[in-house]
Amino acid sequence: MVITDPVYFIALPLLTAFLLPLFGKIYKPLIGIIPGLVFAFLAYISFDLYLNLVPGKPIIIQMAGWAPPWGINLVFSEFSGLIVTLITFLAFLVWVYSYNFKKVGFDNSKKYFTLLMLMVAGSIGVVLTGDIFNMFVFLEITAIYSYGLTAFYKGRDSAEAAFKYLLLGSLSSVFILLAILLLYKQVGTLNMADIAVKAQSIDPKMKSIIAILFFVGLGIEAEMFPMNGWVPDAYSQAPGPVAASFAGMLAKSGIYALIRVFYTVLEVKGVFDLLLIMGLLTIIFAEFSAMRQKHLRRMLAYSSIGQMGLIMVAFSFNTKAGIFAGLFLMFNHAIIKTLLFLSSGFLTYSTKQKKIRDLDGFGKIMPFTSLMFGLGAFAIVGLPPFSGFWGKLNMLVATADSNLYFVIALILLVAVVEIVYYFKVIGRLYFRQQHKDVEVHNPTWNAILAMSILAIVIIGVGIYPDLITDYLTKATNELFDKAGYIHSVLPNLSLN
Amino acid sequence: MGTKVSKLNKFTYTWLILFLVWLGFTSTFAFAEVVTGILLSFTVAIFSYNSFTYDGLKIFSPKRLMYIVQYFFVFMLALIKANIDVAKIVINPKLPINPGIVEFDSKLKSPFAKLILANSITLTPGTITVDIIDNKYFIHWLYVTGTDQETTYKEIAKQFEDILIKIYN
Amino acid sequence: MKKVVVIGSLGVIVYYLLSAFVAIPFGADIIKGVKEFYLQKSPDDLKVANVVTSIVVNFRGFDTLGEVTVLFLASTALGSILYHRRSQHSGLNPQRTSVEASAIVQTGAKIIFPFTVILGAYIFIHGHLTPGGGFQGGAIIATGFLLMLISYRKFFIKHNALTWIEAIAGSTFVILGLFGLIYAKNHDFLENFLPAGKLNDLLSGGIIGIIYIAVGFKVGAEITGILDTLLTVKETGLDPEEN
Amino acid sequence: MNYIGYFLISIGTIFLFLGGLGILRMPDFYTRLQAGTKASTLGAMSSILGIGFLQPEWFIKTFIIVVFIAIANPLSSHALARGSHKAKQMPFLKDEKIGDAYEAVEEKLHKNQKKEDKK
Amino acid sequence: MNSLVLLILIIAGGALLSYFGHKINKILGNITVFAVALIIPIYWFTQVDFTETVSFTVSGFHMELGYNMYGKLFSMIVMILSPLALIYAIGYMKDQKKLATFYFSFLFSILGMTGILMSRDFVSLFIFWEIMTWSSYLLVIFLGKDVQKTGIKYMVFSAIGAYAMLMAIVIIYKNTGSMMLSDYFGSFAGFTLQTKLLTGILLLLGFAVKSAVMPLHVWAPGAYSNTPMAYTSVFSGALSKMGIYGLGFVVVNLFAQANLEIVGYVLAWMGAITAVLATFSAVFQHDAKKLLAYSSIAQLGYIVTGIGIGTELSIMAGLYLAVLHAAFKGVLFMVVGAVERQAGTTDMNVVSGLARKMPFTFFTALIAIIALAGIPPLGGFVGKWMLYESLINNSNFLMVIMIFLSSTAAFLYCFKFLFGLFLGQQEPEFDHVKEASPVMIIPMLLLSVFLLVTGAYPGIVFKYVAEGMTNLGFHDVNWQMSVLTNAWGDSVNVQHVYLSVVVVFVAFLIFITWRGYKHSTKISTKDISSSGEMIKPEDNMTYAMDFYKPFQRVLQPILKWKINKYYEDFGKGLEALFDFMRRIYTGNGQTYAVYVIIFLAILLIFSKSIFGY
Amino acid sequence: MDLFFIIIISVISLGAVFAIIRFIKGPTASDRVMALDTLSVMLIAVLVILGFLMKRYIYIDVSLVYAVLGFIGVITIARYLEGGI
Amino acid sequence: MQEFLTYSIYGTAFFLMLLGLYAVLMKKNLVKIVIGLTVLDSGLNLLFVAVGYISGGTAPIFSPAVVGKHVIMTDPVPQALVLTAIVIGFGVTAVALALVVRLYRKHNTTNIDEIKNLKW
């Protein structure tokens, strides 16, 4: 069966989420099985759609029978389709990983899977929608998902983390709404392509205020310094697979929104310089903070922020090379960080404090999980022959291409810092004596499967990056071609 | 409370009242609206009839209806009188008040009667029902003329309760 | 110090934003955009009197699906934040508090409760004709339940029933949307496939009315669930094992 | 009909005004509740009914509002009074002989309730 | 299939086979390792077609693998030393755990080195460079000692070096649009001076770290001594040569041709300084491993000096020394490993007089030490001779003095090494010590034989060195099998020297043995008394104790100057800075909200300058 | 809008101003709630009057909803004050 | 008049937003912070409605009284958006309150300055 309508990416998870409690009443294990089937199906159709995409001809879907700009539309293009495919793939893996969620009880696993379905629908919605307000709605869906699942476990400081996230998230939505309101009043439309056409006539001062509001609002979601205080807390307190989904899916949709707005919707001079500076500051503060962390998850969280900063820097070049590198980094970050969070979930399973110090000698008692973590660490710091290397190399080439030598130096300097803290962990895992007896929680077969698939992707892309570079190039061209986007969404519009 | 009221009786009463409310909301006799209203009030009545009423359709007996009308007029009279009293107090620069909380016993048994008495007392200016514990009413009184139960009962509740007993007991 | 910084920053922000908004004078009709289209199509094509409604449920119906999702999400999230396992502990339902409401409030609540339900239903059934809609109607029904919850210590809502209502209502929305893919003219998600009817009639606006009813039920059930969870929280002290 | 309407609206307006004045002037919460909330309730009922007379096709609905206010507002005033008293907000008393009959009873009640809950 | 690709696959496959072999059981694992150790060099020497190339485009970068003579020269070092070390490891690592990881990393580092030497483009060069780095890192921390200190130090310096290289690579790519080395060399002359210096120096920095040039050497003593000795022989012998390999083509191919010889001079000076300081440090080590580690740094210093000078003769000297160093350091680390394994320690204050217990080991150590010390007749002498010649030719007399000084001082540590471990009184507690197993002895002996042969026929090495130098632009390098020519046209027949020195050598042997016996008392340390005072058991009376105390006193001021400390202080300062910076994450959600507001306000205030409307 | 209704609305507004002053002054939470309750009652009346003036039936619905929400809001706060929530 | 209306209505909305923001940023009590968020939201919602207003416009509803006549109607789009925004705000507030309940139970305080186990 070939489904040509990307609306299923949103409709199906929503329908499943709504009906999941009923399935649970019919037969309890369905709570776990149905989401898996849905994710598998979504992953399948996303691959199918993406691979059959005709270049330059994105799939444009209108809602409720109204063509854009009257109605809301979805755009499944080389760029958005790539991210969607990535999200569905990771969603499926996260499901595989957490399928045996027995420990938390039936009621909670019901909530967990329901929330997971909604989050997938939300982050896909952010990526696919062609309407600025609709994007806001989907961003809120992902935000509330995060608040709920960050606070999922009691006993930890999870509520504290979630509250901080909520505080900043609420500010973010206020600013985004203000921006949308101002924008609407200027152009009288909410369709992104339509805005893109009409935005040229906006008074530059007004435009700059709108841009700033978007920048701050979306910057919070994209983990930009100095608005990322919530990130380390949320990542470290959420359940392992949830933290993985933050890094792999949520952060992706946040940065996607930021990119889409500034590349396609609002062309504002100077915003990319700002993005460069903020991206660099994000990297510096995050990586330096990561260096001094004693808790594994917090370290990973700060490292994630650093990666997001790097992605921002890549996109700030506003060149094809930069976009390509940014996409590569996004791909790597999604895959590798997911692996790191998934494996760290089992590494820190039995220690309450989740301190790095407690991991001494785990390489021996939890060989597979440690290996996966080690692999992830090697890959994320950009060592060949893993996929992280190609992202970093392309990133540096793009930076050099923009003549920003000091940025190269800075990125590499920070990479050294990254190496130091990741290798400290590896040193502890493999080359230290285990200092006390710990209860070993070896991963379940499904967790092993999920992690193995990620590892295979990391090594596969590392050895042969051209597995994905073609798609990244296509996505790059799509994002860079603003007129093409406008034309596909509003074919009847005469651009003069 | 008298004789036991059948469920059907209660249900019909609830259905009828809710349907009337619906008609009031829509203020139309358009076919679709009326049918919707019948179905809706039926549905809502199913799960609320048991608590919505104790007396059911019995309330519509002519004798009771007559008392209800009487009560209405008595209440309006008291209301107007009391309002003028309080208006005087508010406008008076000296604020001639003497507040306190007093109590009296009521003979009413039906919860609905109790509610109506309490609301009537509250609505008449100068008095507020603070609480009812069993049969004891506690009233905040703006201008206390006496604290013994007989005085308070006579001043505050008697005129209402006399009629309410006839309707509900 | 912090105060000075905050007030200073807020001052700056308000200055700039207000100056931006003042540039759009209040009441001025300065833009010609999609709204003209909506004002024209809503009564003519959709036969929906309330243009806001036709936007909410038809033109931008996808937003509303998102909104329904937000509420569903919030109620589920709330459940996961404040979960409690009643059945497994002591066999008794937890009581909300030790102070019972006064007898007359309880009696009053019994009378007003069905009234609010009828009102809420009235509002979402007439959502396409009046300013209300599924959300408002559902919210009013939920406040009716709130009244009962705060008036009775032992008023317990059957979560089972809420679950069913939520599930059926939510999926009705999505399935109606999917029907649009099959039966509607343009084969779009959420597109109307029913006859539009006559303007200002109860049975007008095609699927809008049905969607609003579904939304009303769903919202009512969800907010009720949220309120119940918020009001009936009792710690069980049990933490799911961490992973 | 119209004259009844205008009359009711005028009366209602006066009471609404007096209600505002009352809650401003009275010395404590309970007396404000007496003077303010109630006067405004009556005022609102009166003016809404007045509109009902002016626009007869709206009469039923205005009547529903009035009935609702008649049931609900005294209830909320009562609930507020009770709640405040239980929140240890004691009424202003001018005359020493006139006391607070509710205070002692409430105390006892509270203790009994706690015992009950323990069972 | 392309023989180069197949070579890579064989090594990678060998790594995986050894890994899984050792996972299954030890014997199977050892058999696999042994087989792999034989197959790799045999394949390389017999099957690899050095004219073959293979190229592919990955992620938009054109990549090409293919040997040249210069790479082949270094590859020979790898291909001879590494298999021997692998075989040695079978014996040396017998009682260790995690052997799967050990051999996997070992073979991957061989893979890395092999790849580096056949990379014709920067991407593959960097990839293999990184593979080499992380695999050697895993071996540095393998024993779990000083994981945080030594391991991280090694990794940090390697990373700094690698990333300097990476930065150079991307800048090169930006300027040439190609990742090929040849394109870089070809268009170098056309670069601006800034680009020339930036790319060249960054590359040099990357290679200099691996060559342990001061002040980038601080990782080396710890890393060399911390690693299992079976690997250290490769680490010091072959892996460090990858740095030399890079320095060679950068200095000679680029700077020499671009009239920027000054860069080479600076490098040469750094090498000379490295040689002197590291030699002095080596002298005062009491741990034989540390001694050899510093000695390695010093030797690399000579080589760097030779490369840096950049003349035909100096490069020849450098490359010749590089080959020899691989052989004698390979042997010496194996020796120390054998001692460590058999005697349990390598502390020269503890162990002594093992010559009779471990005769073969002693013999190979002796050969290697002679080669190292630059005493005729062995190869070290030839190398030094050529180095002096080239320095004198270029009138670098100060450098001659420095190298001479360090060579002289090198005698001291050579002497200490021999005496400390093998000569002097044999303590009863080492009575049980036996000779190491044949698996360990044979590789050592083979390398010693190589040293002896090249001593008499240095031309064997010269042949390949000269071949390699063609790729550095020196097309007709003169060399003869056994004749050295000096700057004034005099020539020396090495074989004459060789023969005459054998006599001297025997005399020397007698001398040191006699001296050792004279200075050591025959009494056990347990029951002696002196001047009526009982010597406590903790008083160490072994021969190596305070071996060069007076000398040390003289050099105190120089030795106090520890560059390591500066790095550590710098590191601590950075950590403090990081700690300070992360305070921005106060933990108070409200503060975070305030940040957002402040940020928004700042953006609004500066909106005009940011967005330039 | 004739003079009558201008006067009516002005007078009610004046009453509302008193209520607002009480809301601001407090001093207790109960006082504020009461002031809010009074205000909402005034608002309901004004909404109905405005609906009449603008001939928009919708305002009646709005005021009805407002009345219900106001009532339940006050009850909720009252229950909170007495510790019933 | 126009200007006065502009400033007073936008001013009211901004005042509410400012009030809410100030509470969010300065109040120590978690509950007050949440209330601040809701006030902030309502100011924003008011702003939406105000921006959608068109002078002399009625609510965009084609009731029988309006059908057929030419009337100016207010912009329905911001009104539709604000409905969505309100619902979302409600959802977020509910979650926020739930978190406050959790925090209060764990820390026995609602002072945000005392709730910072996670830092640096």
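As written, the chain order gives the labels A, B, C, D, E, F and G, with residue 1 at the start of each chain.
Here is the rule we use: contacts are C-beta pairs under 8 Å (C-beta built on N, C-alpha and C of every residue); 3 or more make two chains touch, one makes a residue touch a chain.
Quick caveat: nothing in here was measured; it's all calculated off a predicted structure.
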Which chains contact both chain A and chain G?
-> C, E
Chain at maximum distance from chain D, centres defined as averaged CA atoms = E
Which chain wins if you rank chains by how close their C-alpha centre is to the centre of all protein C-alpha atoms?
-> A
Taking each chain's centre as the mean of its Cα atoms, which chain lies farthest from chain G?
-> E
Which whole number of Å gives the spacing of the CA centres of chain B and chain D?
-> 14
Would you mind pulling out the distance in Å between where the CA atoms of chain C average out and where those of chain E do?
-> 71
Chain A to chain C: how many Å between their CA centres?
-> 29
Cα centre of chain E to Cα centre of chain F, whole Å, reads 86
Specify, in ascending order, the residues of chain A that touch 2 or more different other chains.
-> 133, 137, 140, 144, 147-148, 151, 154, 159-160, 162-164, 167, 171, 178, 184-185, 190, 205, 209, 232-233, 289, 292
Taking each residue of chain B in turn, which ones touch at least two of the other chains?
-> 21, 25, 115, 118-119, 129, 131
Could you list the positions in chain C whose residues touch two or more of the other chains?
-> 2, 6, 10, 16-17, 21, 24, 33-35, 38, 60, 63, 66-67, 70, 73-74, 77-78, 81, 98-102, 104-105, 108, 111-112, 115, 119, 130-131
Given the complex, residues on chain D that touch chain F span 6, 9-10, 12-14, 16-21, 23-24, 29, 32-33, 36-37, 40-41, 43-44, 47-48, 51, 54-55, 58, 61-62, 64-65, 68-69, 72-73, 75-77, 79-80, 82-87, 89
Under the touch definition given earlier, write down the residues of chain F that touch chain G in their complex.
-> 54-58
In the complex with chain D, residue positions of chain B that touch it | 21, 23-25, 27, 79, 83, 86-87, 89-91, 95, 97-103, 115, 118-120, 122-123, 125-131, 133, 136, 138, 140, 142, 144, 147
State the interface residues of chain C toward chain B in the complex, per the touch definition above.
-> 102-104, 106-108, 110-111, 113-115, 117-119, 121-122, 125-126, 201-203
Chain C contacts chain A in the complex at 16-17, 20-21, 23-24, 30-35, 37-38, 41, 58-63, 65-67, 69-70, 72-74, 76-81, 83, 85, 163-164, 166-167, 170-171, 174-175, 177-178, 180-181, 184-186, 188-192, 239-243
